[in-house]
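In what comes next, subunit A is part of two complexes: it sits with subunit B in the first one and with subunit C in the second one.
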Partner chain A sequence: METWEVFRRHGHREPFEHCGTVTASDHEMALLTAKECFLRRREGEHLWVVRRSDIHSFQDESLLEIAADKSYRFNSGYRDVVEKRERAKARAKELASS
Partner chain B sequence: MTYEEKLARFNAHIEAGGKVETEDWMPDDYRTGVLKFIEMHANSEIMGAIPEREQVPRAPSLKRKMSLTAKVQDEVGHAQLLYRVAEDLGKSREAMFSDLVNGKSKFHNVFHYPTKHWGDVAIIGWLIDGAALVTQAALLDSSYAPYTRVLKRICSEEQLHLRHGEDISLELASGTESQRAMFQDALTRWWLPIIHFFGPKTNVEKDLLLRWKVKTRTNEDLRQEFLDRYVPKVLELGFTFPAPVPFHDEASGHWLIRDEDIDWQPLDAIKRNEGPETARRLALRKTIYDTHRWVREALAEPAVHAA
Partner chain C sequence: MTDPLVSMLLALADDELVLGHRHSEWTGFAPHIEEDVAFSSIAQDEIGHAAAYYSLVAKITGDDPDRLALGREKHEYRNAILCERANGDWGYTLARHWLYDHADALRLEALESSAHEELGPLVTKIRREERYHLLHADTWLKRVSQGPVEGRKRLADSIGIAFEESLGLFEPFEGEQDALSAGWIPVSSSELRQRFVRQVAEKLDALGLPTHMTSHAEEGAEFVASSSGDLIASDNGERSAPSADDGFGGRRGRRTPDFDALWEDMTSMYRTSPGARW
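Now for the complex of A and B:
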């Protein structure tokens, strides 16, 4: 018996999402078992099973951290747009009246 | 089931708002149409990285240099996501790249023009990304589902790029007279290409992609949304538009431009891949592709682990 990771998708907007695991001797049995366990109430219309041994991850998850200050990659790095817009409008007025 | 029966069934599915996945049956014209559309989008992302890349060395501060570099990286990433979706429709990435660098396929008109200074970065980041976001957001409900799933990521990153572009624009607008003159100069040069970006009026009868709901709105409808959203924002900063000059229509409440004020002539050369910067940028893209061949080859080899 092997362990299979189960993914399902509901509709077409979202990608497949992991929803659990089953044990089975081959992929057909894994699909059948997964259908019984995870699509019992129409939680999706599409199902994948993947052998756990075919899934790989980082041994050291600290490698996933962002190494430096990269605030410019986030919306929060540009929060003061309202004040900046007011300042630019004031500058335009000042030049127009001079 | 005959081809006609399958086609009728497909059309009914689309008509009812149904979505299409890669493994589903689809008419040949749908497959080739979607492929060409996504390929052009991918080409535009990867060619669109070049004009901004040209300005990275001229960034006014280290922070601006890092944020612009990050944005260029995002755009190249969008191309990679889109080429992957296009590949699943039956054309290899190598073939798409070869067609691109040999001028056999197309990319968006705005990326055929030169950049002159930092003011161009403001206009590209704010108004061109703003125009792109209007068109891309309209595709989030496209009938080809794998495209919509990558567009979600692309649109959220474009939102960030828009803030980045507006931030640069507002900095110039709040600055010295020469900084404001840079913004105005770039606006004057880019305005007509931005209007061209949306394309001519859509022929609703003949547009297969519109009928199959791959595209969801007409060119003129998207252009109108862009004008209403951005024209007042530029005007309140005290800048002026060249032709086609937008005007406010009191009756409808819309910012309009007159069709007869749009000079379409500059677009003809671009359609033949003979725009002002087309040859130089395609040559650069080809050089990068050729000189990076060893990277692709090295990546294709499985790693050899020391015992």
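Now for the complex of A and C:
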């Protein structure tokens, strides 16, 4: 018996989302039981099962941490751009009229 | 005499109710938790189908569906004896589930073109759920038949026992000739039985499970209803199936001791306070 991760989709335009696990001997049995465990009350319209051992991740989770300032990767890092542009416009106007 | 349509619907409903009840006895005891949920869900489906058939009967006769399901005496039930058998082990439960759902699928395929205007569409809906039951049964059978020797042996033994009794599902119900003439069901029980035996033999063969009892059944006696309503075998009056005496007569209201315990349990609440509502 293996552990199978179960993913469920609410509508055909929605992404599959993880909803739980089942223990089963193979993918057919996993689908069979996942349907009744996770789709019994119309919680979605489609299911995937994936063998847990087929899912790969980093051994060292600290690799995923962001250590230094990466504010340029976020919208919030550019909050003062509008202000700077307004100031530049005003300056340009000032120069034009002088 | 009972209306042949009612008699046919009661046979269907009683099969589903009684087997659904047996399946539900696994709740909390199935081999693993996921299967517990799946099998309990199948049990609920079967009882839901029974409720739909009882409601149709109630509409025709002005009866109450709950009374039909739970308020009848033991000899008034018309389920095949296979359905009332105690669960035994998981091997027997699977064998019966597999045989029953294959038999039911053939019967429903025929009933989808029933001349009764409400039954056809109802059966279309029921068949959608039955497809899952069939997949469930086939998947389990494949796994166990390819698995370790003990499981495989238990399954094969159970199929041997349950197969003989599964033929009792195709005993003609009371008034079947009239139901056929009226088009309530377009295919006779004996024709369905032949299709069933053929299909089961093919599938067992593909799984590498023994099929000797199916070839036996194909050669075996053709059951016909006698004028008294009793079933007789056409070849010198003897049934060829070893356990046939135990497995037949359900459609005429013959019940086994297995049914007594089930009936006591299933109807106890209804008998305590008849007409009670949830």
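The working rule: the second predicted complex is superposed on the first by the 93 of 98 C-alpha atoms of A that agree within 3 Å, B and C clash if a C-alpha of one lies under 4 Å from a C-alpha of the other, contacts with A are read in each partner's own complex, and residues count from 1 in each chain.
Going forward, a residue touches a chain if its C-beta (ideal position, glycine included) is under 8 Å from a C-beta of that chain, and two chains touch if they have at least 3 such contacts.
Just so you know, these numbers come straight off a predicted model, no measurement behind them.
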Superposed partners subunit B and subunit C on subunit A - clash or fit: fit
Subunit B versus subunit C as contact partner of A:H56, first or second or both or neither: neither
Subunit B versus subunit C as contact partner of A:S25, first or second or both or neither: second
First, second, both or neither for A:A96, with subunit B first and subunit C second: first
Contacts of A:E36 with subunit B and subunit C, given as first, second, both or neither: second
Partner chain(s) touched by A:R13 [first = subunit B, second = subunit C, both, neither]: first
Touching partner for A:K84 - first (subunit B), second (subunit C), both, neither: first
Partner chain in contact with A:N75 - subunit B first, subunit C second, else both or neither: first
Per-residue touch tally on subunit A - higher for subunit B or for subunit C: B
Angle, in degrees and to the nearest 10, that opens at subunit A between the C-alpha centres of subunit B and subunit C: 120
After fitting on chain A: smallest Cα gap, subunit B-subunit C, Å: 21
Touch list for subunit C against partner subunit A, complex: 32-35, 37-38, 41, 132, 135-136, 139-140, 143
In the complex with subunit B, residue positions of subunit A that touch it: 11-15, 70, 72-75, 77-78, 81, 84-85, 87-93, 95-96
Residues on subunit B engaged by subunit A in the complex (per definition of touch): 19, 21, 63, 66-67, 70, 145, 148-149, 152, 159-160, 163-164, 166-167, 170-171, 173-175, 177, 180, 236-239
Touching residues on subunit A, where the partner in the complex is subunit C: 1, 22-26, 28-29, 32-37, 40
